Amino acid sequence: MRLAISTGGGDAPGLNAVIRAAVLSAISRGWEVLGICRGYYGLLGEDEIIPLTRESVRGIAHLGGTILRTTNRGNPFEFPVQQPDGQYHLVDRSDEVLAAVRNLGIDALISIGGDGSLAIAQRFFEKGLRVVGVPKTIDNDVSGTITTFGFDTAVSTALEAIDKLHTTAESHDRVIVLEVMGRNAGFIALHSGVAGTADVILIPEIPYDLDRVCEKIMARDRMGRHFSIVVVAEGAYPRGGEESIIGASLPGQSRRVGGIAGRLAYDIEQRTGKESRSLVLGHLQRGGMPTGYDRLLAARFGGVAVEVVEQQKWGHMVALQSPHIVAIPMAEALATPRRVDPTHDIVRVARATGISFGD
Amino acid sequence: MRLAISTGGGDAPGLNAVIRAAVLSAISRGWEVLGICRGYYGLLGEDEIIPLTRESVRGIAHLGGTILRTTNRGNPFEFPVQQPDGQYHLVDRSDEVLAAVRNLGIDALISIGGDGSLAIAQRFFEKGLRVVGVPKTIDNDVSGTITTFGFDTAVSTALEAIDKLHTTAESHDRVIVLEVMGRNAGFIALHSGVAGTADVILIPEIPYDLDRVCEKIMARDRMGRHFSIVVVAEGAYPRGGEESIIGASLPGQSRRVGGIAGRLAYDIEQRTGKESRSLVLGHLQRGGMPTGYDRLLAARFGGVAVEVVEQQKWGHMVALQSPHIVAIPMAEALATPRRVDPTHDIVRVARATGISFGD
Amino acid sequence: MRLAISTGGGDAPGLNAVIRAAVLSAISRGWEVLGICRGYYGLLGEDEIIPLTRESVRGIAHLGGTILRTTNRGNPFEFPVQQPDGQYHLVDRSDEVLAAVRNLGIDALISIGGDGSLAIAQRFFEKGLRVVGVPKTIDNDVSGTITTFGFDTAVSTALEAIDKLHTTAESHDRVIVLEVMGRNAGFIALHSGVAGTADVILIPEIPYDLDRVCEKIMARDRMGRHFSIVVVAEGAYPRGGEESIIGASLPGQSRRVGGIAGRLAYDIEQRTGKESRSLVLGHLQRGGMPTGYDRLLAARFGGVAVEVVEQQKWGHMVALQSPHIVAIPMAEALATPRRVDPTHDIVRVARATGISFGD
Amino acid sequence: MRLAISTGGGDAPGLNAVIRAAVLSAISRGWEVLGICRGYYGLLGEDEIIPLTRESVRGIAHLGGTILRTTNRGNPFEFPVQQPDGQYHLVDRSDEVLAAVRNLGIDALISIGGDGSLAIAQRFFEKGLRVVGVPKTIDNDVSGTITTFGFDTAVSTALEAIDKLHTTAESHDRVIVLEVMGRNAGFIALHSGVAGTADVILIPEIPYDLDRVCEKIMARDRMGRHFSIVVVAEGAYPRGGEESIIGASLPGQSRRVGGIAGRLAYDIEQRTGKESRSLVLGHLQRGGMPTGYDRLLAARFGGVAVEVVEQQKWGHMVALQSPHIVAIPMAEALATPRRVDPTHDIVRVARATGISFGD
């Protein structure tokens, strides 16, 4: 049995722990393991393929990043290829991948990745590849699994930032707006904001009204709390349409450098007269040592993925359905993305403890 | 509506976050809240009863400990009272508690505690008290809920210790035995040990054989890994009976100061000839700032407990049945304690990645 | 003896530990202590003056921020006062402060602050105020003292960010530019960059050449290290003049939102073709729990400041001249600001271990 | 130029950062570097000697432990050798070391170690070895240098424990005794105790009186602080002689398992009637990721040690004399060990803020 492993999409703390557990579990079954470097680039002949041994995975469980490297680019079904005219065209190179798998004698592939990577894995599965998925999403936006590794670490990093900003906000009577990840799903903002007792939490699932945000801040001010912490998911937008916020961005500021937090701080200062500051956490949320929760979950995902390979449940992915790790069809998980349910107990408790969602 | 809150049993990180969320949720409903200090001592007239306001719970969500203080003593159904002859007899003072509840006009009690405290709450519920439980257990040994607050923090503390000991063990070619909490349930040892890639994990649910433990250590040594990390739950015992380990303790060493870790290190050094050291984590696991996971879970428990009071589901406790917090009868949770299932995926993955349980 | 304490300038971790040690040391001498809220605002009748007791300072030593609150504004010698024509004029209100000190019967003032606050304290000293200074600077730019509290915490926060970004940079073959505090002095960038083994460190004391920065990145790339970490102090600027970088900023981006890091990442990506990202640490460096080093140093500063008051060394400030805390004239410390010495061993060692300063 | 490096004595966080900086600094000078494994064992033919390259030291600066491994044993001047009669005799094998140095063409040795290792290095220097020392001591008991790497990390670990124990002590109205390292010098206990606002600090330099310790605890109790934290260095002893405490140890408890903390907790509970618990931090203080302070100091020590080799200052060691790293004769540093000066400002401030030393 020759097993291959690849990691795709954005970095997430715990990738190495998945790889380590999968490699050791496979070796203990007498299998051979190959690592495909940088998503599908390795199989397209544009990056390396390396043997994965006990020695390869020694001492990596607590390290962030991935020893196989990763990328957000290089979808083999729509691969950007430069044409003679200098333009890039999208080309289907998926058959090259399948040929490489055959040539290398790879019996099965464990593909670790987010919704993009899993969708690619599903298409390969439909073309006959024997693939098992391991979901990875910082944003927690993959369905079918309670959570994935990396999310708890990202929430911890955001929470640590909230804790630090709290003391400064309070000492200086300031409003501080913290932007966290979450383009479509507000879980990081919600979980870190409730854990950190933020005053306002803005998420894509609950469009906000700037007036309500400012009302909350001024109500606190009148109660003698002259500071406020606003946690905003990068994808949050004001009631009335996502377009407006983008149109209203300061010139020259792309979303990448934190348009929404800076813009919100500016608007809040203008309306409330309170000194306001913003901070964009950005890549800090993707890096570093995974928490204990994520290290354990990642090890379980890696180990059970090998069991799923052994059971030949191709096209399935591992998923946490507490207290067990189970295997579900990837197609099922991909059917609907996970979003914050505005009636969920976390949102209810947040409101009851005084947190405003700006609605 | 006048709500009372009490905390009983051992300290656990997150207690203050539960109190804060419950107090704010109750106040937002227009209720009045009282804090019963030090378990039931407050209601027995042997400690204070204090009003809990917004101000009382300001800035406490991230603090360890409990502003209501707590105790492992003072079960009102079996209260130790000194008799004229100097001896202590156990006296049923539960009616005093019920009388105090009536006299103070308390409409409902939220009792936050472990299996001991919940069992007392259940008996008071059977005597007519309008009580709602919030489970608290460092060891994760309460049924009906996937986990409780404090457990993730305890695992993190144990994991941090494993990480630190790893580097020293490796530099000095040593065996290090780390003793963690878990008198009857080995969850802390199991979770921290798998997350921290320990080499041996010993838990009460899987009696161990010292020969197998030493074999694992020597097998590593032969592979060039001259060090090993053994994580042992305080309640682990060798195959053949718990008595033997207690009988075999070094004279003068009580279990409290870590009999098992010291004893194991001694025995391992004797049998393998490898320099061995031990460490007892003890109360470090109960203290300090809760992790983000625990701060969120604690807030949810506190907030939903108030919803359960509102729904008048007396005799129920809040429970995590991911992804929701639900209410279940306390009697149901108390019927069977939670233990590590030796066929659970965590145990399987641990074995597949080379961890020995000494069996 | 009636002692007053105030905190001025930007927030720094350890302020509360200074206050606590000073208050307890003063009370143990039988003195009375007053807290002046928000810099000099309290003495100008625009904020509170509060009694500081044992109870006031209970449990605050490990908290970030300052219980006296602080501000970067409100220099009594140049106080902005709105005129009838709506314009703000700078007015000398220092005599009001001296009058308030007399009226309140304050015998001595401990002023905790950075170079701005210390310069104000010096002017008051010259007008007869019995004042003792405690230096506070995140940037470590005050002379006469080896370091001040808050700096070690800021370096730790920056280092933690470098560690996190390292794993992501490596996994994605990216250049990541991290902007840290240091408008005039590059100590935070230098210390965190060397401790975190950054590849490039840019500081105000060593103007950089973008070509040299890119050369370093490409040299690494050729050696198979496809990622690089650039740590840049906010005040770093290219050889040829500070104006150029400001003139070259992207339109709409003020320095506040991290002009230099974003600009550098953009320029590096343009020149090297390597995917580049930026992050501005901002206020994270000012907040949160102080490190052990800072908690100890802050306690020493607070306690020895009271000794200096007792010795009536007015116009002096406490200073770390390892291994002792001494008292030096504030005027001496203010005469020359501290800057990174490009021949210092840290810079030499940095270069020898392969770090480029872009020069 | 062929440089050798060895690490001896107990593990300390920062060893790898010293090695990395020394190796890179040497390679940048065109030198070759060898690593002597496990103290002098490598040179005695009982362990390996390995080449140290850029690749060897990649990514190790933040790791605890030492890639060269270390040991407290194997002094070449008094090496334990088993005789035909089965007894161990101490044999002088130092000439074997010198011969190995010659045979391997080693031009200079950097010896990283504590007072024991430095004393051995000094003897080798006197026999003609071209050696430069790098001081390493968790306890901070080496003279001539303000501090060494590892100490700040150990203090941080102890402080984190104090923080955690504080919340539990307070919630349970308990006395908790924490034992930290410091056989002859109480710096870890002093620094962590003052930073963590302990109530009692016991160190070898100030013999204690149990009555005074209990008085302090009861005085707090009367003021409504029903808990106390006692930090004790392992080498602290009661006034009247070190013998008494050893004689008074509980039977079967060696010093290794924390005789003094357990004993103190027992005695305090007996005398004050207050529930008391103990904890021995042990090896946690030696392991794990070094703090930023230690990572920087270690890099400086490693880099400057190579400069000292270049300057051929044999028999010297690097030392921190803030703000510079200098070279001083090892003999000078070894002449008198560093101890806590009871008149130092830290002790004065501790007393003024209410901390008892039990004297």
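So that you can tell them apart, the chains are marked A, B, C and D in the order they are listed, and the count of residues begins at 1 in each.
By our rule, contacts are C-beta pairs under 8 Å (C-beta built on N, C-alpha and C of every residue); 3 or more make two chains touch, one makes a residue touch a chain.
Note that the structure is predicted; figures quoted are calculated from it, not measured.
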Ordered by label, the neighbours common to subunit A and subunit C are none
Walk from subunit A over to subunit D along touching chains and report the minimum step count.
2
Taking each chain's centre as the mean of its Cα atoms, which chain lies farthest from subunit B?
C
Averaged over CA atoms, how far is the centre of subunit A from the centre of subunit B? Could you give it in whole Å?
31
Averaged-CA centre spacing for the pair subunit D and subunit B, given as whole angstrom
34
From the C-alpha centre of subunit B to that of subunit C, how far is it in Å?
42
Where subunit A touches two or more other chains at once, the residues are 163
Between which chains is there touch?
A-B, A-C, B-D, C-D
Hey, which residues of subunit D end up touching subunit B in the complex?
11, 13, 15, 38, 63-66, 69-72, 157, 160-161, 163-168, 170-173, 176, 250-253, 257-258, 262, 277-280, 282-284, 286-289
For the subunit D and subunit C complex, residues of the former touching the latter:
20-21, 24-25, 28-29, 61-62, 146, 152, 155-156, 159, 163, 191-192, 194-197, 291-293, 295-296, 299-300, 302-304, 306-307, 321-325, 344-346, 348-349, 352-354
